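The two complexes that follow have chain A in common; it is paired with chain B in the first and with chain C in the second.
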Partner chain A sequence: MTARLELILGAVFAAVLIAIGLSLGDKAVIDVLMRLSIFSLLALSLNILVGYTGLVSFGHAMFFGFGAYVFGLLMQTNAISIPAAAAVTLLATCVWGAVSGALCIRLTEIYFSFLTLAFQMLLYSVIAGWVSLTGGDQGLMGGIPRPPFLGIDLAQPRQLFVLTVIVSVLSALAIRQIVQSPFGYALRMIRDNAERARFLGVPVQRYKLQAFVLSGIFGSLAGILMSLYVSGAYPNFAFWTLSGDAIIMIVLGGITVFLGPVLGAVLFQFLNDYINRITEHHGMVMGVVLLVIVLGLRKGVLDVLDEWRQSRKPRPEAAP
Partner chain B sequence: MNFDALIDCFSASACVVTQISSGLIIGMLIFMVASGVTLIFGVLGVVNFAHGALYMLGAYFALTAYWVTDSFTVAVLAGAIGTGLFGVVFERLFISRVYGADVLSQLLVCYAFVLILDDAVKAIWGGDFLSMGMPEAFALPPLMIAGGFVPPFYAFLTAFAVASAIALAALLGLTRFGKIVRAAAVNRQMVGVLGINTSLVYALIFGLGAALAGAAGALAAPVRSATPGMGFDILIESFIVTVIGGMGSIAGAFVGAILIGMIRAFGTVGFPLATEGVTFAMMAVVLLVKPAGLFGKAGR
Partner chain C sequence: MTARLTIDGLIRRFGGVVATDNVSMDFAPGSLSAIIGPNGAGKTTFFNLITGKLKPDAGTIKLDGVDIGGRPEADIVRMGIGRAFQVASIFPRFTVEESLTAAVLSHRRQTGSMFQRFPLPAATARAKEIMDLAGLSHAAATPSRFLSHGDQKLLDIALALALEPKVLLLDEPTAGMGPDERWKMIERVQLLWRQVGMTLVFIEHDMDIVFKIAQSIRVLRYGSVLAEGTAEEIRTNQAVIDAYLGTSLEEALA
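Here is the complex of A and B:
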């Protein structure tokens, strides 16, 4: 697909989502669509690392929480507009991503996973422990002010909804551009054979770090949208279970297809709600579902569909 | 930050003794979990993300055994053996399916069990904090060492962990079984060709690692309260310890665990809000200076 076609498809998709949300006008529908947008963005950003670079980050909620808290704290100063605060937050995410990432990418395989997890828990303990700044367990107190900018008033749920959908879709397009670029293909090469990539002159460590930071920026953006949506920030945004949820999302949907994480985020939300409705043993059911996917299917839904589609073609395509 | 308090503490032997003793039990509990993680990794090549959940199982098994029999010895045995058996079954039924699989599958199988076990414990024992209380055998006046008070249980816990470290080292270094394990860690297929049942060796090693975690959970029961999800913090700590000490190295895990224990114990006096930061800074320094860890072999 050409970039222009993707842009048009993205615009159509965003328009349809917005039209559904606004025409139904139901608060519950808008809430669900906002959540799905935010978690899709989180899952897509994580998949830059897991699916494309082969780095299984188990600490991705670190960026989600980081974005939500930094943005929330900046807005609470009442001295800064929403776009400026978002820009400063993303810049801070770059710095934090570069520092933590520089250490994390020194390890490979499961040690990378654990180190990202450990960094996430460091951030979590700072958030939970620094009560005077963050409000500790209670979350950021007093809500996040949402002053109007450029004629947009995010205190209006409908306007916030439209903005969330547009930002998520634009981010998805940006991530698509990244993974389809030569840089994105270099990441796939690192995933498949880091040694060969290095031999061919790819600066492996630098590319890994760049992928880490990029993934963090979009994860942080999802956190910013979340903090706007709930008008607050809570420690569980940076808790490890959210990282686990994000991984389950991308595994549910499939990591080898670009839109797999989006489907996964949608499936996960419905599965989660469904499990919560039928039983109080949420962990056991989710654990069993996870085991069936990992040991039974061994891949996500879109992975299966994609393989089926490719098996019907005479010639296999290059890996996405 | 309160460095004056830290300096005051260091100038009084009583305070030093008290902090060292509490640092030792923190470190020893982490060591027992970390040694299992590092043993399983060294031989099976899998990092058991569910190891913290095994520590939790050990604590709950011990609690139940203690309530039934009123004997702490039985409680520790129940924690260690019960968790060890669970580990063997877990390895045979699930972990053995992901040997050589990608990291994501290994991680997710373990993560699924973290979810299941945390929830199962909540369903069986309830979600509240449960406490064993100090067993009668240890309800003694504290030992006086250089003016500092050390509860007898702390001394017992430390001795137990040191003894298990020595036993583990002897098992791996001196016995025929140890030789087989070390050989299997290098080349499983070759060991299998020599007529040794490597599946059994793998299951036993996993069970041994699980039993260590279970024993740690049982030993923690009198000094910490049991709660679903209690295994998570110690999993992170034991991971940090294996990074500092060197992955696959039992001696490294021992030294790393004591270091972390001391930072935690003296940190509560001098820099209570920054103990975790200091721990991480130490790990960062090790990663930058000696990425294989203090006792790790390069290129591992």
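Here is the complex of A and C:
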């Protein structure tokens, strides 16, 4: 698919979402669409690492929490506009991603995963413990000011909704561009066979770090959107269960197809809401559903479809 | 003529075992050489030292007079030493064409780009040339994991060719193949060597193949060089006969 076609599809998709949200005018619909946009972005950003680089991060929510808190704290100073605060937050994310990533990517497989988890719990402890700055368990108190900028007033829920959808779709397009670029294919080489990639001259460690930071930037952006949406930030944004949810989303939807994580985020949210409605034994039912999918399909939904599509392609005859 | 690759006094120990014991040898530009030796003779270790996967304990490795010993793998690759592996080392989820295109991009240092789209047309064109050269064009769109064993080995070699190496090291290109397949493979390797004109060194167990195509042969045993010479010289070398086969090579081949 060409970049131009993707842009058009992205624009159409964003327009349809916005049209649905605004025309129904129902606050509940807008809420659902915003949450879906934010969690889709979180899942897509994680999949840069899991699906394309082969690095399973268990600590991805640290970027979500980092973005939400840094942005929220900056806005609470009342000294900075929303775009400027977002830009500073993303820069800070780069630094945090580079420092934590430089240590994490030295390890592989499960050791990598555990170190990312450790960094996330470190951040979580800081957030929960530094009560005077972060409000501790209570979260950032007093709400996040949303002064208008460039004629946009994010204190208006409808405007915030439009912005959230546009930022999420633009981010998805940017992630798509990254994974379809020569750099994205170098990441796939690392995923498939890092040693061979190294012997072909690919700077494996540097690219892994770049992927880690990029993934963090988009995760942080999702956190910024979240803090605007809830007008606050809470320690559970940086808790390991949210990292787990993000992994479940991409496992549900599929890691080999670009939009797998988006489908996964949607499925996860609906499952979550539905199960919450029918039972108080939420964890048990969700667990059973996940077991059925993991053991039954052994892949995400879109992975299975993709495999089926590929298996229908004719194979070439054996070498002459 | 000065040598392309010069190894001098190379030593590598693993604990108490000396896997490479004071090995010295030269490879002339454009030569086709074989390295033979019983299992555990240190052949693969020797390749690992040249390609930077292992660091030598002592000795020098020079490519066109420049010492490369102990440098990182990626640097050595960039300087012109390519390698294929004993067990085909490929990218399972890439098609053949994608694999080679990605390898060409890496060679051209274009993999850092995030603003272009894979594949770049110039790289694809070069990948197609390499596919033709390696005889893989029939499988261009096949995911590598579905290739036959022989084609996977060929793809591994083709990946190394994408780097336009001055020196190509092949670790048992015919490993795990039946007799007919072996000959096809080795003829293909010989053809590549003629067409590309690089310095080629291969490890091989099949004596028929070695004597038929190698211009010069090095015999390793217990990590050190036992003998060195043309097929005829090795065939009649008493030390080789004693050590390597325990019987005359002619008899062994008969």
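Criterion: the second predicted complex is superposed on the first by the 314 of 320 C-alpha atoms of A that agree within 3 Å, B and C clash if a C-alpha of one lies under 4 Å from a C-alpha of the other, contacts with A are read in each partner's own complex, and residues count from 1 in each chain.
Just so we're on the same page, a contact is a pair of C-beta atoms (placed from the backbone, for glycine too) under 8 Å apart; a residue touches a chain by one contact, two chains touch by 3 or more.
Note that the structure is a prediction, hence the values are computed from the model and not measured.
Visitor: Have a look at where A:103 lands relative to chain B and chain C in the superposition and call it first, second, both or neither.
Guide: It touches chain B, and chain C stays clear.
Visitor: In the overlaid three-chain picture, which partner chain does A:198 touch, first (chain B) or second (chain C), both, or neither?
Guide: Touch partner of A:198: chain C, not chain B.
Visitor: Tell me which partner A:186 touches in the superposition: chain B (first), chain C (second), both or neither.
Guide: The answer is second: A:186 touches chain C but not chain B.
Visitor: Let me test your reading of the model: by the given contact rule, A:282 touches which partner, first (chain B), second (chain C), both or neither?
Guide: first
Visitor: Taking the superposition as given, does A:121 touch the first partner, chain B, the second, chain C, both, or neither?
Guide: So A:121 only meets chain B here.
Visitor: After lining up the shared chain so the two structures overlap, which partner does A:178 touch, if you call chain B first and chain C second: first, second, both or neither?
Guide: It touches chain C, and chain B stays clear.
Visitor: Give the list of chain A residues in touch with chain C in this complex.
Guide: Going through chain A, the ones touching chain C are 2-3, 177-178, 180-186, 188-189, 191-193, 195-204, 207, 256, 310, 313, 315-320.
Visitor: Looking at the complex, which residues from chain C come into contact with chain A?
Guide: For chain C paired with chain A, touching residues are 51, 73-74, 77-78, 82-83, 85, 89-94, 98, 101-103, 105-107, 109-120, 135, 138-139, 141-143, 146-148, 150-151, 159-160, 162-163.
Visitor: For the complex, give me every residue of chain A touching chain B.
Guide: 50, 56, 58, 103, 106-107, 109-111, 113-115, 117-119, 121-122, 125-126, 129-130, 240, 244, 247-248, 251, 255, 281-284, 286-288, 290-291, 293-295, 298
Visitor: Which of the residues in chain B come into contact with chain A in the complex?
Guide: By the definition above, chain B touches chain A via 47, 49, 94, 97-98, 103-109, 111-116, 118-120, 122-123, 232, 236, 239-240, 243, 247, 273, 276-277, 280, 283-284, 287-288, 291.
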